[in-house]
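Shared between the two complexes below is chain A, which has chain B as its partner in the first and chain C in the second.
Let's turn to the complex of A and B:
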């Protein structure tokens, strides 16, 4: 059943988990680079400070888009943790992301404009794979509802290893990790300054940051789905996957949009589609 | 065949559709004739507005008199109607040959002669003498009639103001507005005829009328480009018409009594007899709805005045093509031929969406998006499981509304800013705030959750998983759907960029244009709110009566989407709160000294102004390359289908 409690739990707890994950991320990244790194709770301090700053804007409409971004990210994530329809969750996330892109477009600044274009390329790069992942889960569990997928008791990962690898690939894009941090990056400065977020500042930027935390928690939740039959393995898998993403982030330099688009589509095609094709064939030949 | 566990609703006006159906066919034709005679602009205005209002009300009235489930038939015993149609067809053929000679388009002449010869041959079989032709109505016809009657007549009203401005701005084009409005109303009349006719020779007659009207309307401005493109449209549609005539002859030969010439008997007569004519007619549908390899005519048709494009893309013409394919989809379900037709649709969806990325001309983007969506509808109808037919009909409804809104917005913008290029629409939200918002609603309606098109695409994904060979279509939808996000979003981005040098130009837009645009915007939102009702009262009964089972979205999802829509509608109001923002600064310019209108000192001491243009990714999504690929692929598929069908027929 759709669980309102889980949704509320997500809304309250996700920023803390998301911020903590960001802190761990920064710590491990620093260690990989031979630095000490900031304290674990630094992300909270950073965002807290953003909210103390005076708000300046390029156009007031930026507020509407960034606020909508946060609201819809929270709503989509809540729908996921409540156990809603996976495809609807994905479409709702697309809607949320559109608001971030529109916010970047609205300021008519060269840097955020290019960031917006790149963000859109990233969306078309990762979206097919995520939809295929949802379709794969349906093919295994016969349901799109997250609560039914969770309760299916099936080791989904064993049916969908290719889809999972493809998902890890697009996860790199979603987490804004190198080589796919085209539109904006966690690192200090890139060739288009801060890309999408260049013209956001103060509390507005704080809201964008919190939305990103919410989204990361959703993404980790998506990994959990693959291993849902055994919570312990699932948590280990999430940790391993995230460490892998940090490692990738630190070993690759930023790619071009063409590289991003091509590689993610090829992976989605090779890993995701082939995996689904095999499942499809097996389900036709060997009735369960 | 009809397995219906729903009780027919109580209908106090039962039987009145006997009057309403012929009325809806004949009344627009009568208005058309009056418009041909009425000289002045003010009289024309009155006639068009009154005519549009009556057509709108009459089609809305159908909603109350259509039986709750199943079909209702109205035999037309007047014998000379069919003969009259035949004579009209011959006159049209002579007229087209005359135009062909005048413009030296010999291919068109050849096609017209070939089609006329087939038609003469069909008449000579004399098979339809025995059969009493009839009109019919069911939920599918009703949905189509609502689309034609409401959206079509709104476009007619809009065209009044548009054409007046058009002729002011193009003094070189001869003012033939009388013919223009005559053709537009004949178009509506023939579309009504097409969706109400059960008797295939009649459907064919109206089919050819739509071809003729679109041909003449595309060539309206009389420039060389317009004439060429109109003949391109004519040739491709005549090719479809020839296939349609072939289907008639085939049916006349296998059923000398003429019983199979009725759609309702044809779709129940099984694969063995019905497949060949169904495939031939579906081919005609593919040409009419401009799927690849025939997409060029619809792209070329954008030379026509914008209301014509709106009409062709939303409520008439291309919708006739998908209507007939949806109608015949029970015959094609589960066959190889149906699958091939679906693949033609699927590849068209994928490639046309990709081509739209590389286009900056707004009308061309809209054209490719139409082609893509028609492809998707045909993909659904070709595979033809009950869930997919549900999705296909939903797509027809949502697409008609959002697309007509977008075309009319682009037309309005074009007249005010003198360009239909998306790059010139920078900051439209500041320059033309109301039109800008309407355009945003239209675009959102085309691809965003929780709006209609997305609901249908979502339903299609779910339905394809369970269909034979469905995984291929799921992949097409996954990739094609996200491509769609790209080109719509960047257009939205252009509109909402708050450019510092924008001035307000949203004046001098006539009141009737505002009324039409506002109504269409309201309808785009309204159908999203009302879609569970539309589904349960119109789409589901039809699917149920044809397939014995029906699809619907789960209750939870409907509630969640209603909440999303609500949230989406209240978010803009936060601007009221943020409007009093005091600290407005110029955008970040990397520390360069820049003026408020974004001039900055570039290298070598040159003053430059910031100019921002969207990505079009020509070398990946270029039109030439993808169009070639699509043409080759779909042409090959159609050849394969032709071979298979010929194998069945012989």
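Let's turn to the complex of A and C:
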């Protein structure tokens, strides 16, 4: 069943969970680098500060685009947690990022333009894998509805190990972590790496940051789907996956866009398509 | 108490420094001093920054650049001049190409002396700047246009 309560719960709780995850992320990153690191609640202070700053508007359309980015991220996440159609969730999710790209293109900064182009390349890089993940879930559970996938009771991870690895790969892109933090990074960096967010300042940047928190919670929720038959294992898997992402972030330098595109498509092809092919073959040979 | 002093993002600009102070500024980010403990982040983007940290004096080449950077930072904002060159022009004060300290182009809130300024005194200066930042927020102070730059500075 579609659960409005879960959707509302996501809308209210996700920013707090997302901010906390970001805080833990920064703390662990600092410890990996031999530093003490910021307080755990630092991301909340950062966003609070951004809303205290004066708004500099480069072009008025930035407002519309950043707001649309936030709204569609929240909508896709809410739809996901409500148990809605996975395909619709993915389409709303992609649309949200197109608004971010438009927002970056609407300003005049060359850094912003490069960021927008790189963001488009990243969308091209991760999109096939996310759709393959949805298709894989359909092949296993015969449904695109999240609530049916959740309730199927099947250990989806055992059917889709390759798809899961491919998904972890694009998760690195989505969490904006090295080596795939091309269009913008969650760390402090110089202009070209700040990319799409170059010309967003004050409250507008705060909005983008909150949208990113929503996005992260949604993506971690997606990992949950693979392990939905056992909530305990699912939560452990989410924690392990995130720690792995932090480790990758701290051990790799930034790659080029070609490397991003190539590696994510090759991994998606190798892991995802082969996995689905085997699944298809098995279902033809061994009728359920 | 506002969020501002808990999350100061810094824009570091080398005006015409010999790199001595710059190395000390970057040393603040290293594990030994780790300014991220205080939520301080070194950003490269003036539109994201709250504190402008400048090393070195003003010369004819970077006059407009400094003005431009300052104008692009959203209010409230503070400027910290790090090192004696940034404070007054230092030993280069009399040079034909040097205009003087940072304060001959944009208003400076905190002066950190030293040649080169030590990381401890840089951190101390930024902490002092934070209370000024708080004050500016409370009084709703808008940045005055940089002296001699026309309406609202460059851009």
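We adopt the following convention: the second predicted complex is superposed on the first by the 285 of 288 C-alpha atoms of A that agree within 3 Å, B and C clash if a C-alpha of one lies under 4 Å from a C-alpha of the other, contacts with A are read in each partner's own complex, and residues count from 1 in each chain.
Simple rule for what comes next: contacts are C-beta pairs under 8 Å (C-beta built on N, C-alpha and C of every residue); 3 or more make two chains touch, one makes a residue touch a chain.
Just so you know, these numbers come straight off a predicted model, no measurement behind them.
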Using the superposition on chain A, tell me whether chain B and chain C clash or fit. fit
Have a look at where A:38 lands relative to chain B and chain C in the superposition and call it first, second, both or neither. second
Partner chain in contact with A:71 - chain B first, chain C second, else both or neither: first
Counting residues of chain A in contact, which comes out ahead: chain B or chain C? B
Under the stated touch criterion, which partner chain does A:30 make contact with: chain B (first), chain C (second), both, or neither? second
Report for A:131: first if it touches chain B alone, second if chain C alone, otherwise both or neither. first
Of the two partner chains, chain B (first) and chain C (second), which one does A:55 touch, if any: first, second, both, or neither? both
Looking at the overlay, what does A:198 touch: chain B (first), chain C (second), both, or neither? both
After superposition on the shared chain, which partner residues are touched by A:91: those of chain B (first), chain C (second), both, or neither? first
Is A:117 contacted by the first partner chain B, the second partner chain C, both or neither? first
Could you grab the smallest C-alpha gap between chain B and chain C in the overlay, to the nearest Å? 5
Which residues would you name on chain A as touching chain B in one complex and chain C in the other? 54-56, 193, 198-199
Given the complex with chain C, which residues does chain A contribute to the contact? 26, 30, 33-39, 42, 45-46, 48-49, 51-56, 188-191, 193-194, 197-202, 205
Looking at the complex, which residues from chain A come into contact with chain B? 2, 54-61, 63-64, 67-68, 71-72, 75, 79, 84-85, 87-88, 91-92, 94-95, 98, 101-102, 104-113, 116-117, 120-121, 123-124, 127-128, 131-132, 135, 138-139, 144, 193, 198-199, 258, 261, 265, 269, 273, 276-277, 280
Using the touch definition up top, name the residues of chain C that touch chain A in the complex. 2-4, 6-7, 9, 31, 34, 36-39, 41-45, 47-48, 50, 72, 74-76, 137
Of all residues in chain B, those that touch chain A in their complex: 426-427, 429, 448-449, 454, 458, 461-462, 465, 471, 474-475, 477-479, 481-483, 485-486, 489-490, 492-494, 496-500, 554, 556-557, 560-561, 564, 567-568, 571-572, 574-575, 578-579, 581, 583-590, 598, 610, 612, 614-615, 620
